[in-house]
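Take a look at the structures below.
Next, two complexes with chain A in common: one pairs it with chain B, the other with chain C.
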Partner chain A sequence: MATIKIISFGRLKEILGSDFEFDAENTNELLNQLNEKFTQLKDLKLRIAVNQKIILENTELKNSDVVALMPPYSGG
Partner chain B sequence: MSKIKNIFQNSPISPLFIAESITKHSTKTEIGAHHIFLGQIRADKVENKTVKAIEYTSFEDLALTQMTAIREEIFAKYDITCMHIYHSLGVVNRGEICLFVFTSSKHRKEATLACNEVVERIKNELPIWGKEIFEDETHQWKINQ
Partner chain C sequence: MLNLKRYDRQIKLQNFGIKAQEKLASAKILVVGAGGLGCPVLQYLTAVGVGNIGIIDDDKVSLSNLHRQILYTSNDIGKLKTETAFKRLSAMNPEVKINIISERITTKNAVEIVSDYNFIIDCTDNFPTRYLLDDVCRILEKPLIFGAIYQYEGQIAIFNFLNQEGFTTNYRNLFPEPPKPGEVPDCNDAGVLGVLPGIIGTLQATEVIKLITGIGEPLINKLMTINVLDYQTAIFEIPKDVNLNFPQNIQEFEKMNYELHCGIEHNDIKNISPSEFNKIAKLPDTVIIDVRDKSEYPKLEIPYLPIPLSELKANINQINNRNIIVVCQSGKRSIVGGHLLYQLLGKEHKISHLEGGINHLIKEINE
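Now for the complex of A and B:
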């Protein structure tokens, strides 16, 4: 189990609030737990970056990893 | 990877700044064509409400890393002389400019293609979010078309 820091953006930040620490072994487990805790997350598409690298598959987490949760981009 | 350049301005992009950017290129006489894209905040109507501004936020470190990679790919793909990109953060009112992309090349085709591609990639690949603020101070999150 790793203690990681969660940061979020845009609409997700409205749901999750300011940055916080969380315990999880990998990104899938993290998402499952967050979905249980924050039911509004369910219908949202999100992209995940671990330590500023976008991940596409389940990823093991280490202590003090920074996990960014990002809704669809809407720049420009 | 090449040096990371900032693209963000904590304000709208001023027309004067755009004019000055163009002026700076007058000494680069190998250039024969400029292509400029300007994104402007539109007063969209949603039901009975009208957008008065968009507030932009970004995951800046990741956005700048991604932008550096995109910049390298664009330079590898197109024969352009230079490329400048500025994106606003914070509140930009309707009618104001939030994105300025400026490419230059010897002949027009390369600058045009490079500019169009980089605008698409900015919208699709950079972690930037727009919050559309209505006149009554309620908001919705922008969705890119």
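Now for the complex of A and C:
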């Protein structure tokens, strides 16, 4: 289990609140836990970056990793 | 011939000079959308001396645009953005050739229009057009400078440009599938700080200048995010994902329906215009459902049933008519409501929604 920092953007920030610490082993488990805790998050399109690299698949997490959750924006 | 006096302060820059200025003068840039992002992009590209600028937009100036779309004045309300922008930009710098296209970009006209330019700037305000533009730019291998905003935050990236490692990315590498309608509110629904598109648009203009002149480190295959409330900025690397399912060539692209792709159109839910709305609303066995919150104005002046979107499921028993018209402020929640009613009530009912919402209805009445 790793303690990581979560930062989120746009509407996700409204749902999750400002930056906080969380415990998870990998990104899939992290998402499952967040979905349970924040029901509004469910089914929202988002992209995950670990330490500023957008990931393509489930990724193991280490202590003090920074996980960013990004939604798309449409405004112009 | 370059006007050396006009561009003197830029030409003087270290690593810039006449060579870079000449590159700008021979560039052809298409700006898609002349709204919040488009205005600063157009102003700066015109001022710095880009040779050819194309502007495509079919929208007219409205009062609620003016707090952020700084090319337009109160006297321009109701006029085409392209024509107003053309006049103002030509006065700013008559040395720039500006071509305006007062249409919406579609699968029918996109290939021809985009082919005429070397760089494309995404200043659009909706997902169907963003995905359309991303697909056509990828197929035609045109560098795309992407910008998007939400309330106090912005995103910027460069797609379809080879990085040093020899690969390109596009918007679908960032967000492979469009979000569902209503999932991401736009400026009309969520609001936007007036200066935000000014900042993000100026960065898009900066990035295209860097690409053209070869200075600095442009955001190729990188997404930059900015929050103007706390100035938290971050740069994320976008990976290449080869297993994405999108149109592969022009033939496939031209067959796409981006409204359907983004869920804004539904085969079983009819999109109706304000004039159709006035006719259909009078048909027998018809109910109009306003899915806005009860505190939202203006109210409709004809009989309707107010059920906020979040309460629609619980109040489904109130709906007994065969024809159902769903309305909201801008036409986004109504399509979501329409989907929900279709799931709950099925094909027995004829479900339609007012495209562009009550905003569109009022605009038509005023014109």
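One rule holds for everything that comes next: the second predicted complex is superposed on the first by the 72 of 76 C-alpha atoms of A that agree within 3 Å, B and C clash if a C-alpha of one lies under 4 Å from a C-alpha of the other, contacts with A are read in each partner's own complex, and residues count from 1 in each chain.
The criterion applied here is as follows: contacts are C-beta pairs under 8 Å (C-beta built on N, C-alpha and C of every residue); 3 or more make two chains touch, one makes a residue touch a chain.
It should be emphasised that the depicted structure is a prediction, and the values quoted were computed from it without experimental measurement.
Visitor: Based on the superposed arrangement, let me know which partner A:Phe38 touches: chain B (first), chain C (second), both, or neither?
Guide: The answer is neither, since A:Phe38 touches no partner chain.
Visitor: Look at A:Phe22 in the shared chain and tell me whether it touches chain B only, chain C only, both, or neither; answer first, second, both or neither.
Guide: neither
Visitor: Does the superposition put A:Met70 against chain B (first), chain C (second), both, or neither?
Guide: Both: A:Met70 reaches chain B and chain C.
Visitor: Applying the document's definition of touch, where does A:Gly10 land relative to chain B and chain C: first, second, both, or neither?
Guide: Both partners, chain B and chain C.
Visitor: In the superposed arrangement, which partner chain does A:Ala49 touch: chain B (first), chain C (second), both, or neither?
Guide: Both partners.
Visitor: Chain B or chain C: which reaches more residues on chain A?
Guide: Of chain B and chain C, more residues of chain A lie in contact with C.
Visitor: Which chain A residues contact chain B in one complex and chain C in the other?
Guide: The overlap between the chain B and chain C interfaces on chain A comprises residues 7, 9-11, 47, 49, 52, 54, 68, 70-76.
Visitor: Give every residue of chain C touching chain A within the complex, in rising order.
Guide: Residue positions touching the partner: 33, 35-38, 122-127, 130, 147-151, 153-155, 174-175, 177-180, 183-187, 190, 192, 197, 223, 225, 227, 232, 234-239, 241.
Visitor: If we count contacts the way the header does, which residues on chain A are in touch with chain C in the complex?
Guide: 7, 9-11, 43-45, 47, 49, 52-56, 68, 70-76
Visitor: Can you list the chain B residues touching chain A in their complex?
Guide: Interface residues on chain B, with respect to chain A: 39, 56-59, 61-62, 65, 87, 98-99, 119, 122-131, 141-144.
Visitor: Quick one: in the complex, what on chain A touches chain B?
Guide: Those in contact with chain B are residues 7, 9-11, 47, 49, 52, 54, 68, 70-76.
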